[in-house]
Every structure is written in C-alpha cells, then in structure tokens.
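Chain lettering (A, B, C, D and E) follows the sequence in which the chains are written, and residue indices restart at 1 in each chain.
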C-alpha cells in the first residue's frame, strides 16, 4: 500500500472548480490531483460540499468555474454517460427490477456487447467481489454487504478510469461497516482502479485511503496521508475532526508555553508561526499517560493531579474521564491495551502526564 | 459506579420464563435478577430473543411459562398499562402530532393530573435530561439526540420502578451514538432508576452497564460485569461476541498445550475443565506484542515470525493484519497507542509474542 | 307533508311565476321535476307509483303503463272542475285514458309534431323532404317513435291503424326505419335536447327539422323566416294530461293544482310559457295575438283536420319501435 | 429527463411547450364556461353579445339570475345535504373499514378486501340501476305483502345517498387505510406503556394521526358526491341534486345561468382547496 | 366462552357495517339484477325464466357492435390518456420543483373541482358549429364555413380523455415520485440513453401506477354516460346508453339487466387480462389510485 507516488500519472485533476448556489457557495475554488491507482478519500462534515464535488466529477452538476480533467482530458461538455468514470451511489441505486446479473451487465449491454459475453463478464466480476454464482438472485434477496459489493461490481465491470463512491457504507449497520471497510480496501488493492471515496467518517477515511483530503465549507483544509493528518494536522479543524481529541481553549504566551482559559498551564508544540495570542490546544486521549503514582510522571512536561469521574470500560478502547483538580478541566484519557487501570473507581486520585510534543496548539 | 451489590433489593426478577412460537423457541427458560438502581444490559446478536424478553417484561407479550416479578409483585395478568415499568422504543415512538411537552406529559395526563401540574413536571423532567425550555417545540424540529432524550424523559417522568430500553441508539448515526452512549450512562447515574437496556452492540453494553447478560438463542451464556465478560469469558460465544478477537480452530493436547488446525502450536490457558480434544482459541488483538526485533519477544510463551499483510491505520485504533510464516495463519494485531509501528509496510517481516494467559481455549 | 306538491312534468309546464302564484293562493309549495314521457313512466315504475303527486304524461302513454305497472290511480272527476275544460277534448281524453270504466287522465295541453323550416333556405313540406340531398347535413330529427310514425304517414301508411296488429305494425315500422337509415347521411344529427336544435336553427346550421309546434313558433317570433309547417301527410297530434300516480301522498294538492291550472287566466300563462294550446275553455281569450296568428298560419283548416291524434299505445309495441330505433342509430 | 442530466435545449423547450399546451387543454373548457357566464345572451353559447352580470343577479321575465333561481338554489342545497350524509357515512364506515383491513385478522379477510375494491370498477350507471331495482323489488314486496309503503326504498334522496355511498366509501377506506398502514404501531404500544387505556389511545393517538386522511377523504367524498351524475341520475326522486337539474336544463332549456352556477362552484371548490393547500405548510 | 371478549366484539362491530354495505348495496342488488336478467316477460306483470335477453344480445349485431365499439373506444381513450399524461406526470414528479410543482399539481386537479356536466358544457361551447374553436378557425382563415367539431367519434374521445386525465395523472405521479433519481443517474452513468432508461428502469418501476391509472381510466370511460351521449354523433352508440335506454325509455328491465351484466363481465375480463399481462395484482393496483 501507500503505493501512490507523485510520479504516477494523474487520473483525475480538478482545477480551481467552484459551484455557487443562490447565496451559497457549495464548492469554492477547489483543486485536486488523484494519481492513477490510488485510493483517495474526501473527508468532511455533513454539508461541506463533498457530494457536490463528486457529482461535478461524474457530470451530474456543471461547475460554475474551473475545469475537470479525467485521464488528462477536459470533461467540459462531456455528458455523464460518456465520461470514463463510474459512480457508486450512497444508497447504491441498484435496479430492483433486474436480477443481480442484469444489474452488473447493464452497462455492458448498453455498450452493445453480446449476451454471452455480458454474462461471462458479469459473472467474472461477481466472483472478483466475492459473490460467485448469485447472478440469478433478485436484489431484495441480498444482504446489505452483498448489495454493496454488487453495486461496486456493476461499476467496475465497465473498467472505468475512475470509480467514485459517495458514502457507500453509510447505510450499513455498525458491524457490517467495520467489515466492509477492510474488504473495500483490499478490493481496491486487487483491482487497481483509482477510487475517489467520500465519507464523513474519519475512521473509514483513515483505514482505507492512500491519501485523504479533509474538506470544510467547500474547501480543502489539508491533503495528505492518513498518518500525516493524524499526527501532523495543519489546522485546528483537522485536529478536531480526524481522530478523537481533547480540545481546550486558551492562549499562548510564547511559542511553546500557554494556558487554558480555566487556568491550566500547558507546554505545547506551536504548529503555526504565531507565538502568542488566543489558541486552541489539542491533546489526543491516547497520548496522555496515567498512573496512580505521581512519580511515574516525572519525565512529562505537563503533569497534573486529577480525580477520576467516569470509567468507560470498552476492552481495548476503554477511556476514563478525569477532572484536573486545580482548574477543573475535564480530559478524556485512553487506557492502555494491557487492561491496566480498568479498575479505576469514581473519585480516585490519579496523576496524568502529557509530553509537550503531544499538546498541539493552533492560533485562533 | 459498579454500585450494584448483591444486597440491594431486586427490582426485576424473571423466573424461568419461556416464549415459544410455532416451531421456534424465542426465549427459553430464562431467569434473571436486576438489583435496584443498576444499569443492566442484555447483549446478544440479532434474533436471539432480546426484544421478546423485554416485551414480556413490559407486558406486550404473555410468557408461555415462568413468572415475572417487578418490585416483588408478580406481573401475571397485569395489563401493560398498569405495570410500573416504562419503555423506550427502538424508534422512540414519540407522538408526532404532539409537542415535546405534550409527549412528556402524556402519561401524567392519563393519570388524570391537573394541567398545571403536568406542565410543571414535564418541564422539570426536560431540564433534568438537559433540554430546558423546549416543551413547545414540535417533534420534527428536534435533532436525533434530542429526540432520544425526550423519549427517555417521557418515560422517566412517570417515575417507573424500571425503565426498559430497546436498542434506543440503533437509529442514530455514528458520532451521535458515541456521544449518547456516555450521556445515557451519566443520566442513569443521576436519576438512579433501574435501567434494563437491550443492545447488540458490545461496546454500548460494556461502556454503560453495571452488569451485562450475554444472550444467545433465547438463553443467557454469561452474566457479569463488563470486565468479567471481557477478561474472563466463560464460553466461546462470549469470547467471540464481546470485544474483537482472533479466533483460531484447533485442538488441545493437554490442558495448556495445543495447536491450530493449520499447525500453529499454542500455549494457552484452558478455561474449561477439559484437557484435550477439539478447541477454539481466542487471542485479543491488543494482547499481541509486535516488534521488528525477534529478541524483544523472548519472554513470551508463544513467539511467531510473521509477514505484514495490511496496515489498517486508524490513529489510536490502528491494527495490522499479519500472516504467520510457518502455518499461514492470519492474525489481527492492535498497534500500541504510541503510534509506534504505524509505518509498517506490506511484506515486511515482524515478530509477535503472545503470553499463554492471553490465549483462551474453549472446548468445542 | 300537506304543503308540498311533487310535480313530475315537462319543462315549461310549471313556470316559476305560476308556481309562486299557486303558493300564494294555497300555501302549497310545488317541487318540480323535469322529465319526458319515457322517464315519467320509468320513474313511476321504479317507485311503484310513489314519489310524486301529479304527472303530465301524454294521453297515449297512460293506459299501457297503468295496466302493466299499476302506476296510476283513477281520476275522481268529481273533484275536477270539468266545466273548465273544452268538452270535446275532455271527452276524447276520457276515452283514450279510460281503462275498466275508470278514467286516468284529464287533458291539459295539446300540440303537434311537424316540421320547423327556415323558409329562406328550405322549402321542405313533408317529413320525406328532410331526406332531400339539397339539405344534406342541415336537417335533423329526433330518434324517437314520433319520427317513425311521421315517416310512416309520409310513406302513405297508417301505423295507428296497425296498433292492434303487432305483425303489421312491425312491418310498417321496419319500412319507416329503412327509410330513415337511407336518410341518415342527410341528417346533421339526431337531436336530443330542444335547446340544441333551436340554437342550430337560429344560427342557420339546421334549415329544416322535425319538431313540435311550440319550438317552431318560438323561433318564428325571433325570426319570421322560420316557420312551423304541418307536413302534408299530417301533423301528429298529442295531448298532455294530468294523471295521478297510484301512491301519491298529497292527492288533494294534486286536484288543487289541476283546478288551479285549468283556470283560463292561469292556463293562458302556462300556455305562453310552453308555447302550446290548452284544453281549457276561454284560455284563448287571454292568449297572445302572435300565437293565434302563428297557429292560423301553420294550420290552415285542411291541415287542422288532417292532424293524426295518437291513440293509446298497447303495451309491448314500444319494444318494436325500440329495436327499429336502435337499428337506425347503429346504421352507417 | 431529470434536472441533473443534461438535456438538449430542444428537449427542454419541447417539454415546456408540451406541458403548457397540456394545461391549456385542461383549462380551456372551464375558462370558456366561466367567460360565457357573463354573456349578454339568452343562450349559453357563442356568439358573444357583450358583458353582463344578469345571469347572477337579474330577476326579470326572461332572465332569472342565479341568485334568484330558486330551483337552482334549492338543488344546490339538496346536493349539499346529500354530500353531507355521504361524507359522514363514508368517513365513519371508511375509518372502521381501514381498521378492519390493516389491523384485524379474521377468516375470509382477503375476500372481503377484494370485495371492498369492487365498487370502484362497477360503472356508475350500473351501480345506480342495480340498487334502484333491488330497492324497488323489496319495496314492492313489502307493499304487496303487508301494504307497507317503504318510502325510503323508492327513488329519492335516501337512495341517492346509499348509491353514492356505496362506492365513495371504498375511496375513503383506501385513503384512510393507506395512512393507517404507515402508522407505526409502536406509538400505540408506547401510549399503552405510558398508562393509556385502549380507548384513550384511540382518542389521543390513533385518530389524531389519521386526522389528515380523514379530513382529506371527507373533502374528496364531499366533492365526489356533489359531482356525481351517473349513479344519481338513476336514483333521484322528486328532489333534484344540482347535477341532475343541470342535466335537465341542458337538454330542455339552457341559459347562461348554468355557466354562472358552474363558475360559482368552481370558485367555491377552488377557494376550499386553496385554503387547505395554504394551511398545510403551517400545520406541518 | 359465554359472552364476547372485547377484541371479538370490536371485530364484529367493525365487520357489521362493512358486510352490510357490501351485501345490501353491492352483492344483493347485483344478484337481483342477475335474476332479472334471466327472465322474460310473458304477459302483463308475468315473467318466466329464460336466456332470451342474452340470446338477443348475441343475435342482434347492433348490440354486440355497440359493445365492441364501447370497449375499443375505451381502450383507445385509455392509451391516449396514458400517452398524454405521462410526460406531464414526469414533469411534475421529476422535473418541477417547489412552487412550480405545487402549482402544476393544483392545475391538474382544477378540472375536477367542476362537475362532469360543467366540463361537457365547456366542450359544447368550444366545439359546436357556431362555437369558439370553429369561430377561431374561421377568423384566422383556416376554414371558410364553420366546421362542425361536435358529433364525431374523435370528439367523444377528446371528452373522455379529458375527463379521465386526472385519474391517470395521480397514480402516475405517485409512482414516478417514488422512483429514486439516483436510479436514473446510475443507469445514465452506466451508459444508458434516455429511451433505454425509460424502457428498462422507469416503466418497470412505474408499472403498478400505470396499471392503476389504466384500470381507473378504462373503467371510467367504459362506464361513462354523459360524455358520449352529449358529445357523440348520430351513430355513436355507447353501451351504458344502451343500458339506460333499455331501463328508462324501453321499460325493459330484463334486457337492461342482461346488458349491465355483460358490461360488468367485459370490464372485469379486460381488467383481469390487463393485470395478467402486466403482472400486477388487483388489490395492489387499486390501492394506488
């Protein structure tokens, strides 16, 4: 994985594209390059313009400004049914009046292929998505995950340059979603088609993608690998949106020194040029060390005494909510995988330590 | 929390209750005691009979056998509208033709309280669930989380002995669900009403409950605190259903010695009396130590050389899928919170170590 | 209740002014339902003679249904001011509507079926002229039995004489039917509503049509070129009567209405509205001069004598007519 | 096709033109009727002879305006009475039927369900005639046997109401059942759980939920009844509803009063619909 | 087991009016009519069992001609209504948005706020020889003389189609509205053209609505009385008119009842055939109207 290198040819290039609605700009001067064969995600909160962008790429919405190039060719004035892209819709849009095989073969039939050929290709593709021999079933006989895969097969069988996916896991239930997440990534890896994937679920984006663009209010906040986004967010928005985070509002007095509004002094890495002024501090729950023993915290730049408020036991994902005694600041702390501290009780005193490099500050 | 002690009075007692449908037993000779003031969850896969059980408690279904006692009184022949229990429905069942205030006041009005009294109580209750001043709104003006709380308020205002909740978070989206999970736990803590909570999401059950009953095919497999279930599952079903787990099929040759069918030798703690024969082995991803360096694994009873297959980067919840070189066994390994190993690449060789106590074996 | 008279009658036989006057004089409200001969019988048949207190069927349509369906009750002539009626008309109606020694109708209006002709555009003088090619697409008849009867007379046959002999009658009617089928191309339509026809004659779309006299004279007042012409083979004369349904609830009011209408002054009013002639003595004194003139013009004495009055129809004959009419309608 | 698919100008224009023509086609006959209500002529037909309000307000020998035409006004009142009863009956029994269809289980339910739909496919004339002949037979029988005159079985308003009801109730049933089908039964369970009795649930939850369908089907029932001609024609006695009276006038002596009353009706139902239509968003 | 449980009681209370309605107003009257149709008048007020009425129908070409004619015209009217209404239903359901959509919906309902009589009166004013449209033709010099537009079969069709459009539009709109736009987009995205999408996606999806609309329109035209009688010409026989004539002007209830039964049979048969061909079920289709 992470095979995408900047030298790979660019399959999709979005160039300064905008879409304005009456007194509302859904997509604002947005540019984007997706290299061939990569899994590219666009991650953003509801209403930020993701679908609008994707539908412009597919051709269902005409951009007001800018250009979209697919495989190097401008898509201006190319109708959706002539573009070398296919789309997997949020609610899949499988044709309920056709069998699975007819669904998968639909695009091929439109290209005028022979019946036998269509059937062979469709069954081939179904096998590749792990559903051999279901071509004869009706759509309503499939489970959610199967539908998912049929929808993808229906698009992939046309061998598009680009596959667009609009939150295709949104309608699935939790367990299935976890499962499909892993499966989808593997599928993309196998077929090698370029995927452009939309989601508002950061976990999906992180797990599956080679690169992720974080979108907010019609613009990209940051584009990078999942690791870059997670460990080196460039903006407060990205820090807050990608992964869980404790967010504390306060001010910086120098580049690496500050305090929250409630009076908690913090040593931080200042991420943006500025050295003082109002700032938001972000501390990931899993970077906070916790112990019943104050002495274990000696090496940490930030050391606080806290009272346990609530333990949220969830096996490997357990967290504890603590309150710093001096300022009353609430913090979420992830408990280690070892199961240590799963026995914390309400009102117990604990000590926490946070390295300065794990306190990320963004000027407001 | 974990305040429930076995000395607290029993609010709900289900005694050998069964429900048979034509050629199908939905609930089978099931018994259960819920102490006053506790948060009790029933966790089980879809179709295991959870809803059937809950509806028998509420009185919508008549048990074929057994007795249900609430607050010590048998509920045989007590109509649903006369039982001291209230229920929060899966899809909430808020009355769309009434305002929030009318919804919350509905039960009070049926008891014949005066208008002013109803209004006062309803607004009180709404404040307690954190929604002061919305009594006049229409239901469709509320967000998902607000509806959730209104549904709970509507039941709590009647001061039931027992509040039954049937997967009330099922319909919410991911983020909100995470949030409501924490909130619901706190709410129960504050009001002190006994909650009986149904879910098929193990994380919900673990995080919120004082005690959890794991249900399967109409019967309980294990009842215990979340920690007990997670760390000391009594059956293979519980080990597999609660928390993520690597499941390997094989056989035990002695009480603590065995091998998978693919030939991977394992040192294990045998959980059940038996000493040899077919067995399932469970290894939690977070108990597996991983290193690029074989020497770091020396202290582990089980040591394996593996190839990295896929890295699923998800911040603090990242996992890696590896394949043991000798037997080809696939294993999921959780990566440490520190972000170490987030840079693993495909086909890299790694070494993993597992303590014998973390390999749980169940006879089949 | 006693204060309501339910009247089933032809359009114009109960003008609003007369109804108002009746109400003022007697306190009885008249509920008018408009109808025609066939529908009157159907209605009463369905009600078994209930639902109405008084009807105005033509005299030839009384004894048949009375016998078959029992929908009429005999008239108590003692309650009718017989002196108001023209004796000859009363006598002939008594004869035609008499059954088992009882009388079922008293006359109200009489009139004729003939031709309305726009003399500026047509010289039609008999029913058969409607089929002349020169008037193609500009003539009209009703698809009803009077049309058949008229055609039959125009062909020189006497269907009335054949009433007693269904076989012979059927032959006559079939012949008339064939004539009309041949004529069909010439017709603009079979007219259904009086209004439709009057309008089309008015604006010249129709130049000659079979119709009853009142319509013709009405048009004549508007446009002198339009005339009612008694056909050479004879106009068909009908008499509309008062008859009382067998289960009438307010028989008293029915007699009151009969006696009210048969007052010469009232009769004249109704006559004016209907454009027909009454069987009431002295009504002509109140009558419009124009109408008298029109009558004289349409009916020279010879034509008057040549009027063929409908005898009572024996039950079952109408089935024969019906089939012929259907055949005409279906023919191309 | 749909807005998100690019259509050629030709297609878009073509569709606009077609739709415009279509609505012209729909509105043309009605507007002519409306316009000719003001024709200063004795006949409801061209030529246009100038503008007048006579056909609403005149009260002279040869012109009786709508507001003085007692027969017309009476018939409107008769129609209203009939429509009222048909509406009340259809909606009440329709509501019961809806519960029967959606909630009850009993042997023969599928037969009953199909039977309930049958009136929709019986031509109105036949419906009228069959009810007429059936009622007459019973009435004649009662009369012949016991000299008992069952007047309500004779042509007249009770039969008209019965005839219209016999198929309008199907429509009401379908409308209300459709809404009841979408009713989430857990709402009733929730109410029961909150201590409501069966009756209280019906009163406070189920019926309020059905209210829009009940009102809607009531309005439709009223309109259908008011407009009905085919069935009514067969069943009327001496009281004429408006449609039957208008038919009689059309055949025997139409005047622009017919246009005037049509215009009035169009306006009344237009206003009624507009009121319902504009109130809806606010309710919602 | 003595006394009724409340549940049973409720069931009976609900069943009673439904059964009374169906029995007294539908089943028995039609059975009665069936009986009437099977007798023959042998004398004044005397009747005997006979198939004569049905024999007459089959022996008399006039009657079955009318019968066939009515059915054929109704079918044509149904197809016309479908073809005319479909683009409009599509526009309302899929293209128009917001206010425009509401307005168009209201406009489709407009004609049906006025009674059938009013609509027919409108057509009379428009089409008669001296009417508005012939006058217009003359004015623009299309014809020299007024043309008679009334009294043709085509006129009847116009009137019938006009009267039944609503009943086609509403189920069509309902059916099309439930068609998810993304299905069309998906088909288009996969390379389908308009015709193909119509054939493979839209029509199969809308089939129940189409069936419902067609049944409604067909039944309404077949059973229509007013329009064919008022707008029809000298040869235009309509079967309901025939029934009316038998009952009302011929006093021949026996024959009329037989005709009524034949019409019922015809309509049931055609509806059944239509449903069979399109694979729909009666109850499903009717519930959509």
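Going forward, contacts are C-beta pairs under 8 Å (C-beta built on N, C-alpha and C of every residue); 3 or more make two chains touch, one makes a residue touch a chain.
Because the structure is predicted, anything quoted here is derived from the model rather than measured.
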Joint neighbours (chain B and chain C) are D
Based on CA centres, what chain would you say lies at the far end from chain A? C
Most contacts overall join chains D-E
Return the distance between the CA-based centres of chain A and chain B, expressed in whole Å. 27
Just curious, how far off is chain C from chain A if you go by their C-alpha centres, in Å? 91
In angstrom, rounded to a whole number, how far apart do the mean CA points of chain D and chain E lie? 16
Distance between the centres, which are taken as Cα means, of chain D and chain A, whole angstrom: 56
The positions of chain E in contact with two or more other chains are 128, 130, 185, 188, 230, 247
For chain C, write out the residues touching at least two other chains, lowest number first. 192, 199
If a residue has to touch 2 or more other chains to count, which residues of chain B qualify? none
All chain pairs that touch each other: A-B, A-D, A-E, B-D, C-D, C-E, D-E
Quick one: in the complex, what on chain D touches chain E? 1-5, 15, 18-19, 22-23, 25-30, 32-33, 36, 44-47, 93, 96-97, 99-100, 104, 106, 112-126, 129-131, 133-135, 137, 162-163, 165-166, 169, 174, 177-178, 198, 223, 226-227, 229-230, 233-234, 242-243, 246-247, 250, 254, 258-259, 262, 265-266, 269-270, 273, 277
Considering only the defined contacts, which chain A positions touch chain E in the complex? 58, 60, 80-81, 85-87, 89-91, 93-98, 106-107, 110-111, 154-155, 158
Please give the residue numbers of chain D that touch chain C in the complex, ascending. 43, 45, 64, 70-71, 132-133, 136, 139-140, 143, 149, 151, 154-156, 236-240, 245, 248-254
Sort out for me which residues of chain B touch chain A in the complex. 1-2, 174, 182, 185-186, 201, 203, 206-207, 226-227, 230-231, 242-244, 284-287, 310-317, 334, 336-339, 342-343, 345-346
Spell out the residues on chain C that touch chain E in their complex, using ranges where they run on. 38-39, 41-42, 45, 65, 67-69, 137, 184, 187-190, 192, 199-200, 203, 205, 315, 318-319, 322-323, 326-327, 329-332
